[in-house]
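Consider the two complexes below, in which chain A is the common component and chain B and chain C are the respective partners.
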Partner chain A sequence: MFLIFKRLWQVNWAEQWQYRANLLMYLLYWLVSPIIYLAVWTSIAGVKGEVNGFTANDFVTYYMVLLICDQITSNIIIHTFAYKIQDGSLSGELVKPIHPMLTNALVNNIAFKMLTIMGLIPIWIILFFLFKPDFSGVTLSGVLLSIPAMVLGFVIGYLLSAAITSLAFWTTRVYSIHEFYFAIILLFSGQFVPLPLMPKVIQDIAQFLPFQLFMYYPIQLILGRLSAEQIIQGYIMAGVWLVISILFFNWVWREGVKRFSAVGA
Partner chain B sequence: MQTLKLLSAFFKMNVQMSLAYRADTVVNILLNLMWLGWELLSLNIIFSNTETLGGWGLGELIALLGVFRLVNTLMIALIWPNTEKFNQSIRDGSMDYTILQPVNSMFLVTFSRITVWRFWDLILAVVLIVVGVNMSTATTTPLQILTFILLAITGMIIIYSLWIVLIALTFWFVKFDNNVTILQALLDAGRYPATVYPVWLRIIVTFIIPIAVATTIPLQALRGELEMTQILTFILVSIVSFFLASRIWRAGLKQYSGASS
Partner chain C sequence: MSPTIHVQQLSKTYKVPEREGGFSAAVRGFFKRKYKEVKAVQRVDFKIEQGEIVGFLGPNGAGKTTTLKMLSGLLHPSNGNASVLGFTPWELKPDYLRSMTLVMGQRNRLSWDIPAADSFLLHQAIYRIPDDEYKQTYKELDELLELEPLMKKPVRNLSLGERMKCEIAAGLLHRPKVLFLDEPTIGLDITGQARIREFLREYNKRTGATILLTSHYMADVTALCERIIIIHHGQLKYDGGISDLSKKIAPFKLIGVMLAESNSHDLSKYGELVQNEEDWEKQYIQVKAEDVTRVTSRLLADLPIHDITIADPPIEDVIEQAFNS
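Moving on, here comes the complex of A and B:
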């Protein structure tokens, strides 16, 4: 098994490396909105002194950490896999004795992630000198606590995206469904603004959804802004959602593959 | 006259193409409404925490959202589909047939594909602008409205010219098929007044990828913040950039040698 993963890694790394120019474009594309939100909120906090307890520096550190967390927890499986189901080229992968989504596609996503993070590091350092954030609130224990949270966030996010991608077995409109899912993430993950600034209803719902694990929860862990109670609650929700997403993905995939063979592609 | 005839022919052709995907159109319109809902909610979140953003009120940001959506429509309805077709035609050599037509090739390449259903987005954008202007407490004179419309058009022309330059580069670098991603990447910067951005970002979105010229600047004209010389400068810049773009396009065409050679 280890050998299989090693070989998959070599193949996927080489494949992603080929597209490094595209990757840089992707990185630029994806960097812009957090930087704009940062500018908007620091401008508001700069005028008023603070927004709901958040100072200008709180916003700068929040979005600077968000750039890293988002890169670690997000995935691109919809773009690299859905078309294989639609054009039938999945058949070739289905006959292999390994799960296409949990081995090859997963390694491909991680290779992509490694490259974008490599590209992000110099940009992040430049942004650091442009915005001069004060990271004095960050503690080692906070960073260590955030690592399992980010891994959980990535795994849950990957399984949910994989399940949505698998809807391509049923419908050609899977990209529209994904766009809707993307909006849900925007609403509940703390991507637009730290969750305490969202309307009360959204905050209350967000607590019970997995999406804050992608951004808000690990960011706040790193910045040391959560109470012990909130940390425990967050990890319990992560555990619950891990189980739900595993069951959900397995079910969608199993039913989907059945349909796929029934079509006889 | 011939241009108008061609445009209407393109339009009819594109209507027919999109009629084949009726259900898709409905889904796309629903998604579009969803994003409008999100945009209004995000403005509501901002203004529940502050009264002004860089001196601009809620009404002015709604109007800005309308102008942003105009640029966004230009991007999605015209720039993306035509660029896709153009890049393809450079790679497989079908550009040959386009050049052989007895019409301006630049016009042909940039207007042959139109995502027709996006026209309803234009209506939505105009509604947002009208509602926003009415909500704003500042009084606007007819002259300000006129300069606003004028500068919105010049901003679009500048973005159109930049697009021409970007795709013309493909004549020299065939593999440059990321040509408009950079435009799309910075587009989001048009949602908020560029005056709240840090200086380096403001320079990028004003001078390098001039998204703000088509969004923030017209709104500033509406607010009466621009002087006559500035307005004239923007008009002049748009004329010069269009002229330069068509020169670069022609130089690029000379460079083109088909896909087989």
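Moving on, here comes the complex of A and C:
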């Protein structure tokens, strides 16, 4: 199994390098929205002094960490896989004795992320000197605690996205379903607004949803803003959602493959 | 011993959404979709024993590829059963996938953006092929298909025929016991086709592998297969020896005629006129094989012939004529 992943990595890494210009464009596109949220919230807080206890610099700090967490926990499987179901090119992968989504597509996503993170680093450093975030709350233990949280966030997010991508077995309009899913993430992950600024109802709901694990939870871990109790609660939620997302993905994939019509090739 | 491939009452019905053109039909279709049922494969039965090479023939849309897709596990049948090497294909058990191969089209196993050599190494890992066995198989494939010069180029830069060679090789690296080949020689030149045939025959002899192949080229089938299965409109029409088949099908030849002047002469008195969409310059008539010499000499005597060809009719046409009743 190790050899399979090693060779998959070599192939996918080489492939992603072929598209490095494309990747850079993607990175710039992807950077736009968090930087806009950062700019908007900072200027609002700058005028008012603070928004619900968040100063301008709090926003800067929050979004600077978000840039990293989002890059680590997000995935692009909808763009790299749904079309294979629709145009039938999945056929070639389905007859191989490895799971197409849990091996090749997964490694492909990780290779993609490694390259975009390499592109992000210099941009992040420039932003750091531009906005001067306050990282005084960051501790080594916080950072160490955030790493497994981000890995869990990535795995859960990947499985949920993979399940939604698998809806392409049923409908050719899977991209609009994914857009809707993306809007929910935007709202409940803490990307659009840090969660404490949301109405109480949304905060309460968000606590039980997996989406805060993608951004808000690891950000707060890194910035050392969670109590021991909150940290434990977050990890328990991550465990619960890991199980749910595994079961959900397995079910959707199994039922979907039965409907595969292997069109074209 | 139970047969390697056992197909019982295998059926596949596709539901295809259907609507008329125009705006109002589009709106109606939004709320209530109409589906048409297409019976691609209907109650097909056959058995193939270990080591057989069987040609799977039928006109376009007959259900050949659908059957191959079900046998390789890509499609779930609507009804009926199939077992290959004791496995139910569509359960997609890794042990099954490791012992068979499906070669279909030219964009399948190889990654488009990287050299074939890298994809081959990935295959080695995926199929758990030991190093020495991999080297041995690669050497054999290279001898027959002359792969070496192609291995270092990104697959996208290979020609159609070169890509097909690499696809077939990639599909055989793990020495499958059962081979499903959909048009394995398509896009290859004559020597390429002959090489692949030669290779498949050799592979079958050496490993005792079972091969089921579809082809547009009668030469593929006559060179490799002793047994033919024909399906038409999703139904099994013939299953038996190739020699019996040629007796069953009245042997025809196709005479293509290009006249020196305008095509105003009526050729229908020499034989049945047939359409050939690929060649507008010539008129084609179909005659019984035994009459070819007679008709040709009459044509040459009667008409100002510029060019004349005699060929076998395409395999689909032959089957269409024989089984369309």
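One rule holds in what follows: the second predicted complex is superposed on the first by the 260 of 265 C-alpha atoms of A that agree within 3 Å, B and C clash if a C-alpha of one lies under 4 Å from a C-alpha of the other, contacts with A are read in each partner's own complex, and residues count from 1 in each chain.
Operating definition for what follows: contacts are C-beta pairs under 8 Å (C-beta built on N, C-alpha and C of every residue); 3 or more make two chains touch, one makes a residue touch a chain.
As the structure is a computational prediction, the values presented were derived from the model and not from experiment.
In the superposition on chain A, contact of A:10 is made with chain C only, not with chain B.
In the superposition on chain A, A:89 makes contact with chain C only, while chain B stays out of contact range. In the overlay built on the shared chain, the residue A:171 is in contact with neither chain B nor chain C. When the two complexes are overlaid on their common chain A, residue A:260 makes contact with chain C while staying clear of chain B.
Contacts of chain A with chain B, set against its contacts with chain C after fitting on chain A, share not one residue. In the complex of the two chains, the chain A residues touching chain B come out as 21-22, 25, 28-29, 32-33, 35-36, 39-40, 43-44, 47-48, 51-52, 130-131, 173, 176, 179-180, 183, 186-187, 192-193, 197-199. The touching residues of chain C, when paired with chain A in their complex, are 14, 69, 72-76, 90, 92, 94-95, 97-98, 100-102, 104-105, 107-109, 111, 113-114, 118-119, 121-122, 124-127.
Taken together, the chain A residues at the contact with chain C in this complex read 3-4, 6-8, 10-11, 14-15, 18-19, 89, 91-92, 94-98, 257-262, 264-265.
Residues 23-24, 27-28, 31, 34-35, 38, 42, 45-46, 48-50, 52-54, 178, 181-182, 184-186, 188-189, 191-192, 196-198, 200-201 of chain B are the ones touching chain A in the complex.
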